[in-house]
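To start, the structure itself, in structure tokens.
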Amino acid sequence: MSDASYPDDLLYHPEHDWARVQDGAATFGITWFAQDALGEVVFFEPPDVGSTVTKDEPYTEVESVKAVSDVIAPLSGEIVEVNNGLAENPETINDEPYGKGWLVKVKLSDPDEVSSLLDAAAYRASLI
Amino acid sequence: MIRSADDGLTIFERSKRGRRAFVAPELDVPDVPLDELLPAELRRREPPRLPEVSEPEIVRHYNRLSKRNFDLDTGFYPLGSCTMKHNPKLHERVAALPGHAKLHPLQHPRRAQGALELMWNLQQALGEIAGLPHVSLQPSAGSHGELAGVLLTRAYHEDRGEQRTKVLTPDTAHGTNPATVTMGGYEVVKVGIDARGNVDLDDLRAKADADVACLMLTNPSTLGLFETGIEEIAGIVHGVGATLYYDGANLNAIMGICRPGDMGFDIVHFNLHKSFTQPHGGGGPGAGPIAVSDRIEPYLPRPQVVRRDDGNGDGPTFDLDYDRPKSIGRLRGFQGNYGVFVRSYAYIRSLGAVGLREVSEVAVLNANYLLAKLRTAGVAEYLPAAYDRICMHEFVLSGAPMKRELGIRTLDLAKRMLDFGVHPPTVYFPLVVEEALMVEPTETETKETLDNFAEIVAEILREAREDPEIARAAPYTTPVRRLDEASAARKPVIRQALS
Amino acid sequence: MSSYVSATAADRREMLAEIGVSSIEDLFADIPARLRLDAADGALRLDRGRSEQEVYEELRALAARNISTEDELSFLGAGMYDHYVPALIDSIIGRSEFLTPYTPYQPEISQGGLQAMFEYQTAISELTGLPVSNASVYEGPSAVGAAGYVAKLTNGRRRFVVSRGVHPHSRETLLTLSRGYGMEVVEAPLRGGATVLPELDGDVSAIVVQQPNFLGAVEDLTELASAARDAGALTICACDPLPLALLKSPGECGVDLAVGEGQTLGNRLDFGGPSFGFFTATEALLRRMPGRIAGETRDVDGKRGFVLTLQTREQHIRREKATSNICTSQALNALAGVIYLSWLGKRGIVELTELMVKRTAYARARLTAIPGVALLHERPVVREFALALDAPAGRVIDRCLAHGVNPGYALGTDYPEHEDGLLVAITERRTRADIDRLVDVLGAAVAAERANVGAPA
């Protein structure tokens, strides 16, 4: 994805992760900024289904040619689904960070945490 | 189909059934069936599929391969932090002397006195250069010496009944340092640097507490700048009872000028493949001896080379001392990379005190000259020095203005340099400088080489002003052009598939 | 004295002018005066520098005080071996293009070195039967230490079970390193020359064994690896590379990490270094491999090329999450290794190793015919074996040395239970005549000691 984009229907964590929240569950991924900083993603091994994620804590890693980066959980909960398709094509994280490049789906343990996240405008502002 | 001389085949692809180079010596003992000596169930059914080639083919293959390498004997190699200085040719001659090269490591010490004396003398010389008297030659490389430093620190604190958990290291530290710290069982805590490029003393004071085991530093720093506050740094670190570790990667700037021991460092490691001319070999071998203060001495690796004067007029003897109850133990087999010691020892004997000082003086002179010359050549507008100070033996430029205004990055600049027959400087290190370019010319380069390099950089920038695409798609004249590193990492192919 | 510097007085004047300072001293202004050494008296207390010729003479004199394998008939092994290094290796690795470049950070101008690494990785993988090899680590014992760290990162368990048959230096190195990352190390004893594993529980991260072991014995690797797997532990095997020409490969036996000392492959003794360590593993451990790895890829024109790959595992990118801190590998020594393996070739490595096996058998038979000399164990061996002497080993060895024969390594140094043990190594350089001489000299020495004929000459 060549141009910076931050969809308005998502919520953002300052450590460059996004969350799409729906009915007590959320999908997580990394933002355009994160994938641009990393460069071409070469490897992603998803965490285990059933494992716990904690808001503000790292829950997995993304590996590019030049760096390995922790991915921070924007919200807390239990992982119910992981994106196994990324094993074959990790570069999808670069091409579609908000779509097919999603990382995990989580059942939220504390939906009120949502209020601490940024909206697209606030996140965009934080990047300057 | 005609095959070019540079066909790029691997030695396995040249293999042809029945070809051979090795001729076995004649079997002069009873030809007992192998099954009687090594039962079939212990043996492999198929031999390893090594190539089948003749000697002329092997020689031609590796000769051709060698011509695809750029090397220091051929051209300028200003890799920051690597000290690519000339490798004196005498050193290969002395290292090949059978008395050195064909000496078994387990030979009895009394039958290896030449080797042990050489090691002892080298220890003394390194101790003198560092300003710390106790030296171990055992570590195999710089990063190994760093691991030794961390383990020594751990042993020191544990011997005092203390369980510290953190090691401080500046943001600019070489990549090896944080990895070493983790392997030593400590947590890395970063210390910031100030606007002048030195360790931020306020940040250090805030982070230095009784839980800190060590501060790992190099001086000059990886920015090529001398830590002017080094004595205060030592005071803060020692004040909380921690050790101060010196990464010797930048020793080339200060030999005979000042000494890490005098600055307050407890542990110093040397890279014999940097300041002490061990050839880099395309990525090793090297050696990473360490020098330590009195309080760290008891924990040095085992064995230590010692000198004994029995006082009966026979002269000193040299030995390997294993009786070291507080030692951290072994870091590797045998005594260390002796072949490297021979070369570095020859170097130190060739130069002496005056020569070593001259090395650092000219290394620093050359670096400052090149920095000034780049300014004169108009390069500074696009590649300004990261810090506006006199540098030491290396300096860091930032390609951020170049990226903004000319649309080419430090990477592109480096790739285009390949077409001009020089090795690029270190790129994208240290991480604190955007689009970093770290340049270390060393003392063995002529003024003309430095002038030429400045011209090359200026030329590439001129080109980029006309057409940035030239650098972006460079190199053009090298054996291969830009390589796809992403797919190499995504789907690694790290050996030849064989049928 | 030469410092290999070219800057003349005139050069320096011009350069200082360009910089805008009046003397070199000014460039060191940042260094506090208190720390600066005084140039006047030569600053460092070192001997004055000497001419090339004088340095050569000194190094030659030092060499003359060492008894090398050219000065005595040596049967010393125990981790490094007196093999014949073919001349083509010297001529190839002496080339500037291999000797003087740095690590290949600019792959476009380092294809020679990178392709050589790829070829080396292939050759070593063939020897050990494991698909993943790196471009080399420092040497054997630290390879074992690094393998331990990989096991710990892989399964997070807290104990290593290490066979007493593993080289003492490897055991000590593993102990030193594993103390740093908090592992418990437990020893598995030898019985009759073979490793006896204790009951393995869920705390065991890896077992560590050696093939052939330090006493020269061939172990039943398949059974050992199977026991480890049943307990969910990894198997680390330190191997002597040439015996792998004949022995069932560690990969085939179910080993997870096969590492070892590479000196035997085309490298000099050099009083213990530099050499190289080889490091191979299963596919599953690919992304935990320490050190450098060369990978195949294509350039923008579609031409095949090689790059350092999976570098994110290494120290310089992953920093505190790195699987090791190795920066330097042993590229030049590994190059000697792959040239040697190519020189031996598929048939040659078998012929060479079979020759050593047969000469070893001959030596073993002749030596044990000497009264007072017995086998320490009866396991099959390849090129090294252990004897039990019925006489003080140290004194027997001294007598042999006085006759220009170094009969082997005194096992009692590391194995108090084998106080008068002797470890004898055979390489292709030891002919039948050499072995016969060993038999004569050792026989006489043992006889003299048994008869207690006073101090050695």
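Should a chain be cited, it is by its letter among A, B and C, assigned in written order, with residues numbered from 1 in that chain.
Following the convention adopted for this analysis, contacts are C-beta pairs under 8 Å (C-beta built on N, C-alpha and C of every residue); 3 or more make two chains touch, one makes a residue touch a chain.
Keep in mind that what you see is a predicted model, and the values were worked out from it rather than measured.
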| item | value |
| --- | --- |
| Dominant chain pairing [most C-beta pairs in contact] | B-C |
| Most distant chain from subunit C, judged by the mean position of its C-alpha atoms | A |
| CA centroid of subunit B to CA centroid of subunit C, Å | 20 |
| Intercentroid distance (Cα basis), subunit B paired with subunit A, Å | 38 |
| Averaged-CA centre spacing for the pair subunit C and subunit A, given as whole angstrom | 45 |
| Touching two or more other chains - residue numbers and ranges from subunit C | 311-312, 317-318, 321 |
| Touching two or more other chains - residues of subunit A | 43, 63, 65-66 |
| Set of subunit B residues in contact with two or more other chains | 485, 489 |
| Subunit B-facing residues of subunit A, complex | 39-40, 42-43, 63, 65-66, 90-91 |
| List of subunit B residues in touch with subunit A within their complex | 428, 485-486, 489-490 |
